[in-house]
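Listed after this line are the structures, all set down as structure tokens.
Look for chain A in each of the two complexes below; its partner is chain B in the first and chain C in the second.
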Partner chain A sequence: MLPALALFTFVVLVPSGRGVYYAFTDWDGLDPDFAFVGLRNFTDMLGDEDALQAIWHTVLIAVAITIIQNGIGLLLALGVNSLIKTRNVLRVLLFAPAVVTPIVTAYLWRNLLGPDGAVNAVLGPWGRDWLGDPDLALWMIVVVVVWQFAGYSMVIFLAGLQSIPREIYEAAAIDGTGPVRRFWSIVRPLLAPAITINLMLSIIGGIKLFDQVYALTGGGPGHATDTISTLIYKDAFTLGEFGYSIALAVVLTIIVAIASGAQYTVLNRNEKAAS
Partner chain B sequence: MKSRKLTAVVSALTAVTLAAACSSGTGSSSSNDNKTLTLASVDQGSIEDVIKAFEAANPGVKVTFTTSGADQYQAQIRTQLSSGTAPDVMTVWPGNGNPGATYVLAKPGYLLDLSDQPWAGQLPDAFKQVAQYEGKTYNAVFGLNGIGAVYNDEALAKSGLKAPATWTQLLKFCGDAAGKGTPAFALGIQDNWVTQLVLYALAATTVFGADKDFDAKLQSGQATFANSQWTTAMAKYQEMFSAGCFRKNPLGTSYEASQALAATGKTLGIVQGNWIIGLLKQKNPAGKFTMKALPATDDPAGFLMPAAAGAGYGVNAKAKNKDLALKFVNYVMSPEGMKLFNEKQGSLPTLQGAGTTVDPGLAELTTFVKDNRTVPFMDQLWPNAKVQQTMLSGLQEVFSKQTTPDQVLKDMDTEYKKGA
Partner chain C sequence: MNRYTKRTFALEMLMIAVGIVFAFPVYVLVNLAVRPPSDTSSPISPTTSPTFANFTGAWREAGLGGALINSVLVTVVSVAIVLAVSALAAYPLARSTARWSRTTFLVIMLGLILPFQLASLPLYQTVRDLGLLGSVWSLVLFYSGLQVPFTTFLYVGFLRALPRDFEEAASIDGASPFTMFRYVVLPMLKPITVTALVLNAVAVWNDFFTPLLYLSGSDQQTVPVAVAGFVGQFVSDWNLIFAALLISIIPVLAVYLALQRSIINGFAGGLKG
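Right, the complex of A and B next:
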């Protein structure tokens, strides 16, 4: 334990701590001369419409992805856990998108969703400017992420489902329970660890989302799909405002910590109550 | 037992995704002899040939180089410079206003003074202004780019329409073209840098045609964006939209997709930089493309075209191999180097007598340059990168009805006044 802790301290904690220091400076990423500005970067954020909007988008995306991806993932898991013949093929097919690099799938979908893309070709007169319409673009990002990672959630749920002993189902069948009751009273509580892991992974992934947003819309049109992560990137690397961008990263870290901490506490309590 | 299985699945999954997400990085560490030059560039597709020719002219010399897109390059070069691992020669943009620009990199002392190189004194004034910082030359700018309307000759002939020569003709041209089912111009503003091109083409004539010293007035605080002819340029951009000049759904169309539209005649042309001609020919090798000034008024004699030095090369002040670095930069600025580079890029040379064969489609741009009827790209003299970024995302918001042109110009004024 001790060597691991030492390694973690020097490789992760110390550099991160030193990084945080820059959040209180006006460093431009280049000039060795920079000044300590106290909390100015953080107070600036409160007046920065782009930042506040990005935080809101991040929350929307994280919540939407968490609910939809896990909902679909669970349904898929229940489906392929049944005794249908093609279940092994289906499992592989449904999981396949998750092993592709997100940036690749995002570029693929960017073409599919373009004005002359396959999606509009199929929809004909009902086609839309999916990624160019600020009211739709954010949801398209959610769709693409869910398309890619629902299979990932499915595999975790599946592992949970398969660890439920067959005898319990049999006992329940003898007692004459229906499928809904069986799901609610047996599957749901015994699946609690898988639910915890899945929710945690998807909420953290959703909050940190960068690749798919950057490749699909670049945060546009305007700032309509900017998330905290894309803003961090733009502020640092296109605008050279490293200090401000690191301050944003600190805020992101705090949001992730609060969200996952709260979720873990609640779900862990449920898990204990269920077992 | 069950939770152990779950843990195993989760960690296996994490490993799979990590493996998929990881890309291979190339850490090029060069040996420190005087025969090896390190270089980083954004000139994908042309620098390779220049390096080959340079190596052939200097036997025994080896150039280790990387190329990347502008966004990625700007991020990389800043990190390398501040950590002392930057290459000897690197792409540097002219003027100010972007993170890899001459002023930005020369100010903290990262670039070597190139003022005593033979070509530095010969640069025309328009280029000196953006290649220098505080009177010293830091940037070997070799090429000149312009923005205008690029027509697909074949598609134009098929439509029976003629390239418009005045603003009134332009609006009629757009209406007629749209009526025939082949819109006038492709517009790929999903990539936000493209949003500025039409605006610059219009502003050259409307803003700088009316007042050549507008930039100086902006700098001294006598003028603002919001109370100037920039409002006219903005209004004309929107008028072009309502006249049907652009193919539908430009906000969902990428730069790449817009090239395909113009190359294959799905639109009659595209408003872009001259570099687009080479790209269009890649997509349609049999095609012929001609660039013309985009009409912004009804007085063709008063038209100006935006034309400016493209990205050039600077030498790292801490270059490991300074002599070879200077040799390379001087090769780029020599007649043969400049000819090779510009012919590959489809740009015009910055120095007289390079003997560059210019694409016949660029005849009008060449004439405008010769007659001194050009204006630098507007952002090259803006004090910080935020002004341009505000304009780029602002224009996307205008066309998706999230804001108004006046608001965008006001926001640009706010950022401009913040200074460097």
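Right, the complex of A and C next:
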């Protein structure tokens, strides 16, 4: 047990603790002389339009990804859990994007969504400058993440669906229960563990999102798609404001903690109620 | 409901259409990667005179050979360390009911919530002081610690659901704790180890943020940072970029197709624990 504890302490626990401390300083990352500035980094943040925007984008992206990815993931799972002949091929195909490096798929999409890209070639006159339009760019990030990870949600839902005994389902069908009612009253409660896991994964992944934003828009146009993670990177490594950057990381940590705590409480209650 | 009806056929057509939409980006990726830069026709029309020149160019310019070796090295070593230390730690954590055991477990689980952004900046300083900046070993060190909470969580969950009968029998037969772990517990851990292996390997292989911090500006690169650097360098030479992207995807997809069952089950199953 000691090696695991030592590695974890050295790599996660101590640096995180130091991070929290640096959040209250004006450290620039290099200078050994730095001052304790109390809450100044956090009060600065309240007056920093870019930071407030980034926090809002982060929450918006996380919520949008969670809803859309899981909605599509569930529909795909129901589709490939049927008797269709291509179900095995489709499972492998639809899950494949989830194992590919996100930065690589994001660069692929940057071209696809570009002014002369394949998406506009398909849409013809309905084409847009998807990533250059501040009103659209944020949603394109959501689209790319959903394309990549809907298959991930699908396999978790699928595992949940396959753990439901067929007899229960057939009994309900014989009793004359319609498909919608069957889904809502039988499948949904039994899927509760899969729902919990999927929501947890997508919301936390959405909050921490960095790679896709970095590759697709770099936070632009302007600051239209900056998230907390991209701002942490820019503040620390292009502006040398480590103290402020880590204060943002502390905010990120708090948001993740609130989201996990809330989800755990709500879904745990639902899961208990369902069983 | 067990028959293939007209409605099943309609569903089949719909799902195939969805599959085509999902696969469409990959078609464009391949289509443009084999296209000479002089060909400026629509990105969706099939390339008429395919060429391999982009691949040789991208391979030479992007340093993908070295990056692939580094990525394999970092992934194999980090994942081996994480699995070994986490499995060893999980055993006493799952079996002992002492207070220190429960406290330690909670502290390690704290790591599931802490985002890596919080630790990665202070650790940047430590890595620099150790002289590991620009070395792939900084990544091995980082992942070996970073992945411990999640992996330990998987093992503890699995072990708690595992009956103790075998261990009790071995203990009556006088087996030492080490013998017990090695010959009784370890073989039973195989399913969860496959899951942990798959999830950790994918996470480590695909990580971009950490190598971006610790390796930037050095000649040691992993695949994600090599690709990003290459895109930055050849901004609008998309045929070349697409060839580089495709080269970086092929090993991942090859492993995925070869081990699809274990990988999909790994992703779906690790979460039951």
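Some notes on this structure:
Assume the second predicted complex is superposed on the first by the 264 of 275 C-alpha atoms of A that agree within 3 Å, B and C clash if a C-alpha of one lies under 4 Å from a C-alpha of the other, contacts with A are read in each partner's own complex, and residues count from 1 in each chain.
Methods note: contacts are C-beta pairs under 8 Å (C-beta built on N, C-alpha and C of every residue); 3 or more make two chains touch, one makes a residue touch a chain.
Keep in mind that this is a model prediction, so the values were computed, not measured.
By the touch criterion defined above, A:206 reaches neither chain B nor chain C. Residue contacts after overlaying the shared chain place A:122 against chain C, while chain B stays out of touching range. Look at A:15: by the touch rule set out above, it reaches chain C but stays clear of chain B. When both complexes are overlaid on chain A, the residue A:237 reaches chain B and chain C alike. In the superposition on chain A, A:98 makes contact with both chain B and chain C. In the superposition on chain A, A:193 makes contact with both chain B and chain C. In the superposition on chain A, A:131 makes contact with chain B only, while chain C stays out of contact range.
Once the two structures are overlaid, the count of chain A residues touched is higher for C than for its counterpart among chain B and chain C. Contacts of A:155 after superposition: both chain B and chain C are touched. In the superposition on chain A, A:32 contacts chain B only, with no contact to chain C.
Taken together, the two structures place residues 29, 98-102, 111, 116, 152, 155-156, 159, 193, 197, 236-237 of chain A in contact with chain B in one case and with chain C in the other. Chain A contributes residues 1, 3-5, 7-13, 15-16, 18-20, 22, 29, 76, 79-80, 82-87, 89-105, 107-109, 111-112, 116-118, 121-122, 147, 151-152, 155-156, 158-159, 169-170, 173, 193, 197, 207-208, 210-211, 214-215, 228-229, 232-233, 236-237, 242, 245-246, 249-250, 252-253, 256-257, 260 to its touches with chain C in the complex.
Of all the residues in chain C, the ones that touch chain A in their complex are 1-4, 8, 11-12, 14-16, 18-19, 22-25, 28-29, 32, 42-44, 81, 84-86, 88-89, 91-93, 104, 107-108, 110-111, 113-126, 141-142, 144-146, 148-149, 152, 202, 205-206, 208-209, 212-213, 223-224, 227-228, 231, 238, 241-242, 245, 248-249, 252-253, 256-257, 260, 263-264, 267-269, 271-272. Chain B contributes residues 1-3, 5-6, 9-10, 13, 16-17, 20-21, 23, 71, 74-75, 78-79, 81-82, 98-99, 104-105, 107-108, 110, 190-192, 247-254, 257, 261, 384-386, 389, 393-394, 396-397, 399-400, 402-403 to its touches with chain A in the complex. Those residues of chain A whose C-beta lies close enough to touch chain B in the complex are 29-33, 98-102, 110-111, 113-116, 129-134, 152, 155-156, 159-160, 162-164, 193-194, 197, 201, 217-224, 234, 236-240.
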